[in-house]
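There are two complexes below, and they share subunit A, which is joined by subunit B in the first and by subunit C in the second.
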Partner chain A sequence: MVTGDSRAEITQRLRDIARDLLERGEVDVFIGYEEGSLPLRTTPAFITRPDDVSRLTWGALCENNLATYLPKFEGRVGVVVKGCDVRALVNLIVEKQIARDQVKIVGVPCQGVIDRRKLAGAVGEGPPVRSVEETDGFIIVRGSGFEKTIPVQEMLSPACATCVHPVPVLYDLLAGDEARSRGACPREDAFAEVERFAGRNVEDRFAYFAREIERCIECYACRQACPLCYCPECFVDRQSPKWVGRWRDLSDKMVFHLGRVLHTAGRCADCGACRRACPAGIDLRLLSKQMEKDALEFFGHEPGTDLEAAPVLATYRREDPDDFIL
Partner chain B sequence: MGERGSGKALVMAKRDLGAFARHLAASYLVLAPIVEGGVTRFAVAGVDDIGGFGDRESVPAPSKRPLKEVFFPQEEVLLAFDAGGKVEVAAGAAAPADEVTRVAFGVRPCDARSLTLLDLVFDAADYKDPYYVGRRQGTAVVTFACTEPGVACFCTSVGGGPSDEAGSDLMLVEAGESYLVKPLSARGEGLLRGFDAVREAGDVELAAARDAEARAVGRVARDVPVDAAVEKLAGAFGDAVWEDLYRKCLGCAVCTYLCPTCHCFDIGDEATRAGGERVRNWDSCMFPLFTLHASGHNPRPSRKERFRQRIMHKFNYFVENNGRVACVGCGRCVENCPVNLDVRRVLETIAAL
Partner chain C sequence: MQASCAQPRMGVYVCHCGLNIAGVVDVEAVRDSARALEGVVVARDNKYTCSEVGQKTIADDIRDLGLDRVVIASCSPRLHEKTFRGVLEKCGMNPFLLEMANIREQCSWVHSGDSAAATEKAKALVRSAVARARLLSPLSRSEGRVVPKVMVVGGGVAGISAALYLGNMGIKTYLVEREPSIGGHMAMLDKTFPTLDCSLCILSPKMVEVAENENIQVLSYSEVEKVEGQVGDFRVQVRRRARYVDEAKCVGCGDCAAKCPVRVPDEFNRNMGERKAIYIPFPQAIPPAYAIDAEHCRYLTQGKCRVCEKVCERGAVVFDQTDRVETVEVGAIVVATGFRPYDASKKPQYGYGRYPNVITSLDFERIICADGPTHGKLKRPGDQATPGRIAFIQCVGSRDEHGHDGAGAYCSRVCCMITAKQAFMVKEKHPDSEVYVYYTDMRTAGKGFEEFYQRGRGEGIVFVRGKPGEVREEEGGSLRITSEDADSGCILDLSFDMVVLAVGLTPPEGLVDLAQRLNLSRSADGFLMEGHPKLRPFETSIDGIYLAGCVQFPKDIPDSVAQAGGAAAVAAATCSRQKIEMDPLGPVIDEDLCIGCRLCEMLCPYGAIKVEKTDRGYKARSIEVACKGCGVCGASCSARAITMKHYSNDQIVAQTRALLEVS
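What follows is the complex of A and B.
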C-alpha cells in the first residue's frame, strides 16, 4: 500500500510554508486545518501571525473544503487544498469570485479523507470514541473499554474512491511529493456507481431520491459548505417571487436539491462537502456525480481543471449536443 | 410540570424494561428515539421498537434530532382558510386537556431540561402558546439518566447533569441489573399505575444508582466557564473577539435546528387559489432572511452579526429575560457542526476576555 508522505512531514511543510508566506507579507491570512475539539475532527484555522503556524496540522481527518471561504475574499490569502478542493477554487477564479493573484494555493497530494459516518459504523454502537490516534495508514480509536485499529484506506469518503485528480491540478506550492499521493481512480471507473444507478427504472430512482430528500431539515448546510454556492441570495430565500414553499411538501425540498444540483452542473468536482455537512446523512453525491459525467460526455468539460475553460452552462457552441431537446 | 411525586424510589429489573414500555403503549401514544434513515428522532414508536429497549444493555441512544419537535414541531398548521372567507383554527389550539395522552420515552436529562426552558418562552405569564401548552400538558416525560455522556457533552456546566431531574415526570437510573425508578410528579406516578413489576428500592440499589450517577458526572468531558462567559458577554457586544470567533462559521442552521432550546419561528401563508394554511416553521438566526427588512436593509448583514446573535441570545438576552442560560449542554451543535465550531471553545474564549 502506498502510504505517502508521513503526516508529520506534510504538517511540518505546511507550517514552514505558512510561516514563510506570512513573514514575507505575501498573504494576510493563511487558511489551513488545526486539531478539532472532538476526537474525530479537525477544524479550519485562520492564521494571521507567523507565531501561530504551529497550530496547523495535516491528516486524513482534514475533511473540509476550505475554498468555501474564498468567494469575495478581501485581501491576500494562502489556502491549503486537496485535489478536489482546488477544482472548486479553479471554478471560483474562472467565475471571478477571487483573483488568481490574490491567493497562494498550497496543494497537498491527497491520500484521501476519512468518512466519519463510515468510521462510526466500523466502530459500532456502544460507548463513544474518546480518543483517536492517526498513524500512517491506520487510525486507532479508543473509548472506555475498547480499542480498534482500522486501515484508513477502508474508511475513505466515497468521493475519494472515484477521485481522478488526487494531486491538485493547480498550485503555487506543493506540501508533499506528487509521486506519493493516493493512486488516481481510472477515468473509466469514476462513474461506475452513477451508471449502475442510472440503469435502474425511473420509479426506483425517484423513490430513492424521495426517500433521501424526505429527511432534509432545510438547514442548508449542504449549500453553505459548498464552495460553489456563493449566490448573495439563494433562490429558495427569495420572497418575491417565492419559488419554494417552506413547508412539509416533499416537492419543495426536491426543488431545492434538484435546483442546487443543476446550478452546480459542470462546476461541481465532487469534493463531497455537501454530503459531509448534511446532518441527515442524505446522499447528495449521486445526482451531482451524474452532472459531472454529463458535463464530460456532452461537452468534453472536466470541472475545475482549466483556468481558461469557460463554464459549460455559460457558453454555447454550435456543436453542443441538443438531441435531448424535442 | 404538575405536582411533585411522592419521591419514593422504586426499582425494576432491567429485563422488564420492554414490558414497561408495552405497558405504556397500551394506554398512551409512545414517542421514543427511532432511527429513520440513519437519523435518530422522537417519533411514534411501535410495540417492536419499544420492546427492543428491554433487550439492550443500556438505555436508548441519544437522538440526533432534539426532543423539542415533539412539542414544537418544525412545521405546523395554525389555521386553514378558504377563498370564501372560512377560517378553521387547527385543533391544537383548543383548550389544553389535562389528561396525559402521550409519553415521551427514552428521553435524556438534557432534553428533559430543555422543556423547562421552552416553557419560559411558550408558557410564560404574559403569553401562552396554546399549541405548545396543549402538547406539553398532554405528554409525560420518561427520562433515562446518562451513564456514558458523550464527548461533546457539557451539561454540568449549565446547571444540569447526567441525572438531572428537571423536566422529567419519571426517571430511570441504572443500578446494576436493575433500574431505579423515580417518580418525579403525579403524572410520573400515574404511568406506573397497573404496572406490577416494580418494588420498593433497597439500600443496595440506591447505592448502585448513586455510584452510577457519580461515575457519569466524572465522564462529562468538559467543564466550561459558563458563568464567567455570561458575565463578560454583558459588555462584549462590540468586542473585536467576534471577528475571530465567527470566521469559520458557514452560516447554516445545523446548530439552531438541532438545538433543543432554540425556539425561533416564522409564520407564513401557504396558499393556493382556493385557500390555504397559515403555517409556523422553525426559523434560524443564522440565515440572512431572518432579519431582512422589507426595505432591503438587513440589520445583521454578515455572518459575524448572525453568529454573535446566537451566542448573545443564549447566554445574555435569555439570561436577562429569564434568569437562565438557554443551553442544556447536550452537545448536538458541537457534534454536528460541519466545521467543528465548538460553542464550548467560544464560551472559553469569551470568559477569558
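What follows is the complex of A and C.
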C-alpha cells in the first residue's frame, strides 16, 4: 500500500501556505477545512486573517468539494482542492463563473476520502461516537465504553475507487508530494461499474433506477451540494413553464434526476458531492458516471481537465459522431 | 408576456388550397373540431384563404366579431405568412397575433395515402396552433438602415455582368475575385457557341469597363471570410491576400517576369505551359497588375532573390505586403462564384492524367486558343503531333445516376454545345480530320443551338450514340475506344489520336464553407439553392443575398448574364429602400437569471450577443440589428434566462402540450 504524507504534515503545509497567501495579500479569503462540531465531520473554513490559519486541518474526512463556494466570491480566493474538486473548478473557469487569475489553487495529492455511510456501518449501532482520531492509514473511533480501529482504505468513498486523477490536474501550489498520492485508477477500469450495469437488460436497469429514485424526497440537497449546479433558478423551481410537478410522483422524481444528470453531462467529474449530500442514500453516481464515459468515448472529452476545451455538449463539430442519435 | 388576461377571441381559417389540402384532409371536420376549441369565436373553411375573397372573410370577421387572434391552417408560413400578417395589419391588428398551422407541406402532401390519419393530424396541428395563438403577444418591428452598396462575390462573366449592371445604375459595387484577375472560366475559352465569337474578345471590353467604372471597385486576389448583419446592412470581412505588387504602380510591362528565375506550371493554360513565380494570368487581365505566387517565389520560400524588385523601374514590387482583412459594409450581396469543371481523373476508365493524349474540354480550349500553349496549333500534348482522328466523350461527370466520384446526376447543360463547337473548330482547322462524338443525348436547346449542331453534322462529324466503357492507350500514344453504337447496334472499335472528355460542371471549390459563412442552403446537387425554383431564381433563403451564374446551377454564358441582370435588379431594389423593417424575433434576456457563462455569445452564428460587465457581474446583451432570430441562444441558455420574443417557452410548451393531447 502506498502511504501518503502524514496528515499532520499536510495540515501544517496548508496552514503555512494560507498564512503566506493572506499575509502577502495574494488572497482575500482562504477556503479550507476545519474540524466540525461533531466527531467524524469536517466543515469548510473561510479564513480571512493570518492568525486564524491554525483552524485549518486535513484528513480523510475532508470530503466536501470546496470549489462549490467559489462562484459566491468576488475577490481573490485561495482554495484547497483534491483531484476531483479541481476538475469542478476547471469547469467553473471554463463556464466563466470564476476567473482563473481570481483563484489560487492549492492542490492536495489525494489519498482518498472516507465514505461516512460505510464508516457508520463499520462502527455499528450502539452508543454514539464521542471522538475520533485519525492516524496514518487508520481511523480510531471512541464512544462511551468502546473503541474501534478501522483501516481507512476499506472505508473509502466509491468515487475514490475509480479516480483517474488523484493529483489535481491544475494547481498553483501543491501541499504534499505527488508521488505519495493514492494510486490512480487505470482509465480502462474507471468505468467497470457502469459497464457492468449497462450489460444488464433494460427492464432490470429501469427497475433499479425506479427503486433508487423512488426514495428521493425532492429535497434537492444533491443540487445544492453540486459545484456545477449554480443556476439562479433551477428548472425544477420554474413555475412557467412548469417543467416538473411536485407530487411525490416517481415520474417527477425521474424528470428531476434525469434532468440533473443531463445538465451536468460532459461537466461532472464524479467528485461524489451529490451522493454524500443525499439523505436518502440514493446511488446518484451511476448515471453521471455513464455520462462521463460517453463524453470521453463520443467526444474525447474528459470533464474538467482542460481550461481551453469548449463545453462539449453545447458546441458542435462536424466530425462529432451522430450514430447514437435515434 | 401575456397580452391580456381576458380570454382571447380567436378566428380559425382552414384552407382547402383547391384540392391540395381538401383532396386528402377532411377540411370540414378540421373546421368543426377547431370550432369546439376554447376561445375560438369563429372557424371557417375557404377554397383559397390567400385569395382576395379569403382575405376579405378574415378582415370582415376581425371587424365584425372583434377577433384578436387569427389562426390560419394552410400552407407553409414561408409562402403566405407575410400575406396574412398584412391582412391583420390592414385591419389595425398587430401582425404578430397571427399563427399558422401547416396542413399542406406537413400534412396533406406527405400523407396523401391516408385521409383519416391526415385529418386527425390536421386537427392536432390546428389545436396546437390555437394553443400557441392564445399566448401570442403583440410585437413591434424595428427598423434597420440600408447601406446603398452591393458586393458581388466572384469575378467571372456573371459577376462582371452583375457588377456592371449595378455600377451603371449608380450603385457602389465591390467585385471580389479569388484569383489575381477577374475573367473566370470565360477568359479561358477560345470561342463561344453558337456564334463562334472569340470569347476574350467579347469579355475583355466588359472587363475594361469594370476597371473604368467609377462605381465599381475590384478586390482581386481576395476572399470573403466572414459575413455579419442582415439585409440592408451587411458587414463583410474580405481577406485581401498579399499580392506583393502594388496594383497602382504596376503597369504590366513584364520586366519582372522576364527576369524571374522560377518556372511553374501555368494553371491558366491548364498546366500545359509555364509561367513565372511573378506573373499575370493572361495579357488582358484586370487589374492589369502582376502578382507574386508566394508558394513558389524564391525569395518568399528561400529568402533569397528579389530580382523582380530590382528590375522593376516603378518600384511596384513590395515584399513587405501581408494579408490584410478589410471590412466592407454593403446592403446586398450577389454570389457568383461559378463552378469547377469535373475532375476527370476520378473516372480512371478514361485515363485522364495517365494517358497524355486524353484531355478535357477545358484543356482543349487552351490548346485551340491562339493565346494558348501551342499558339492555337492543334497539337496533342503527348508528342505535339497534330491529331488526325479525334474522339469526344460526352457526359463525363454529368448524368451519372450513381453519383460516385463527385459526379452529378444532373445534366450540365453546356457540354453538348461545347463539344459541337469544338468538333466544328477541329473540322474548320483541319477539314480532313475525322471527328467522332460519343454522346448520350445531344441536348441543343437554345437560340441557334440546334442549327449549329446540324451544321456540324453537315461537316461530316460523326455522332455515335453510346457511352464508351473505357479508353485504352496503344503504342505510339493512340487511344482505342470500343463502344456500342446504339442506333445501329454495331460495336465500333476505333483508334484515335486524341480523346477529349466533355467534363460536367460541379459546384466550385470552397462552396460548402462559403455557404456556411453566408448561411445559404445548397440543393441536393451541391449548388446554391435559389429562393424558389420558378419564381425567385435570383434570390436565396436569406434576404439581401442573391445568386448569379453557375453557382446556382450550370448554365451557358447568355443565361449567366441574364441571371446576373436579375440579381443586379433585386440587389438594386434592396439598396433603393430607405430602411428595412425587421421582424422582432430576437431574444429577451432576463438579467436576473443570466449567469454570464458566455455560451450564447460563443454559439451565436451572427455575433448578435455580447456579454458585458455590469455592476451585477457579466450579463448577456442582444444586438438586435445583427440577430436573425434563429433561437440558438434561447435553446442553449443553461440558466433559461433567454426567451425568444415570438417563440417563448410558454408558447412552445402550450403548442407541444396541445399537440400531444389525445383528441
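Criterion: the second predicted complex is superposed on the first by the 324 of 326 C-alpha atoms of A that agree within 3 Å, B and C clash if a C-alpha of one lies under 4 Å from a C-alpha of the other, contacts with A are read in each partner's own complex, and residues count from 1 in each chain.
Throughout what follows, a residue touches a chain if its C-beta (ideal position, glycine included) is under 8 Å from a C-beta of that chain, and two chains touch if they have at least 3 such contacts.
Not measured: the values here are computed from a predicted model.
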Next item on the list: Specify the outcome, clash or fit, for subunit B and subunit C once both structures are aligned onto subunit A.
Entry: fit
Next item on the list: Determine, under the contact definition given at the top, whether A:Gly245 touches first (subunit B), second (subunit C), both, or neither.
Entry: first
Margin query: With both complexes overlaid on chain A, does A:Phe235 touch subunit B (first), subunit C (second), both or neither?
Written below: second
Note to self: Under the stated touch criterion, which partner chain does A:Arg130 make contact with: subunit B (first), subunit C (second), both, or neither?
What the structure shows: first
Check: What is the contact status of A:Ala192 with respect to subunit B (first) and subunit C (second): first, second, both, or neither?
Finding: neither
Next item on the list: Going by the touch definition up top, name the partner, subunit B or subunit C, that contacts more of subunit A.
Entry: B
Next item on the list: Calculate the angle at subunit A, using C-alpha centres, between the directions toward subunit B and subunit C; round to the nearest 10 degrees.
Entry: 120
Margin query: Quick one: is A:Arg215 in contact with subunit B, with subunit C, with both, or with neither? Answer first, second, both or neither.
Written below: first
Note to self: Quick check on the superposed pair: does A:Gly36 touch subunit B, subunit C, both, or neither? Answer first, second, both or neither.
What the structure shows: first
Note to self: Let me test your reading of the model: by the given contact rule, A:Ala99 touches which partner, first (subunit B), second (subunit C), both or neither?
What the structure shows: neither
Check: Rounded to the nearest angstrom, what is the minimum C-alpha distance from subunit B to subunit C in the superposition?
Finding: 9
Check: For subunit A, which residues lie in the overlap of the subunit B contacts and the subunit C contacts?
Finding: 233
Notebook entry, point to check: Which of the residues in subunit A come into contact with subunit C in the complex?
Noted result: 95-97, 230-233, 235, 238, 240-241, 263, 310-311, 314-315
Note to self: So in the complex, the part of subunit B that touches subunit A is made up of which residues?
What the structure shows: 36-39, 61, 64-65, 74-75, 148, 150-152, 219, 244, 247-248, 250-254, 257-258, 266, 268, 270, 279, 281, 284, 287-289, 334-336, 338-342, 344-345
Note to self: Residue numbers of subunit C touching subunit A in their complex, please.
What the structure shows: 592-593, 595-599, 602-603, 618, 636, 638-640, 649-650, 653
Check: Can you list the subunit A residues touching subunit B in their complex?
Finding: 36-39, 41-44, 46, 64, 68-69, 117, 125, 127-130, 144, 211-212, 214-215, 217-221, 223-225, 233, 237, 239, 245-248, 273, 276-277, 279-281
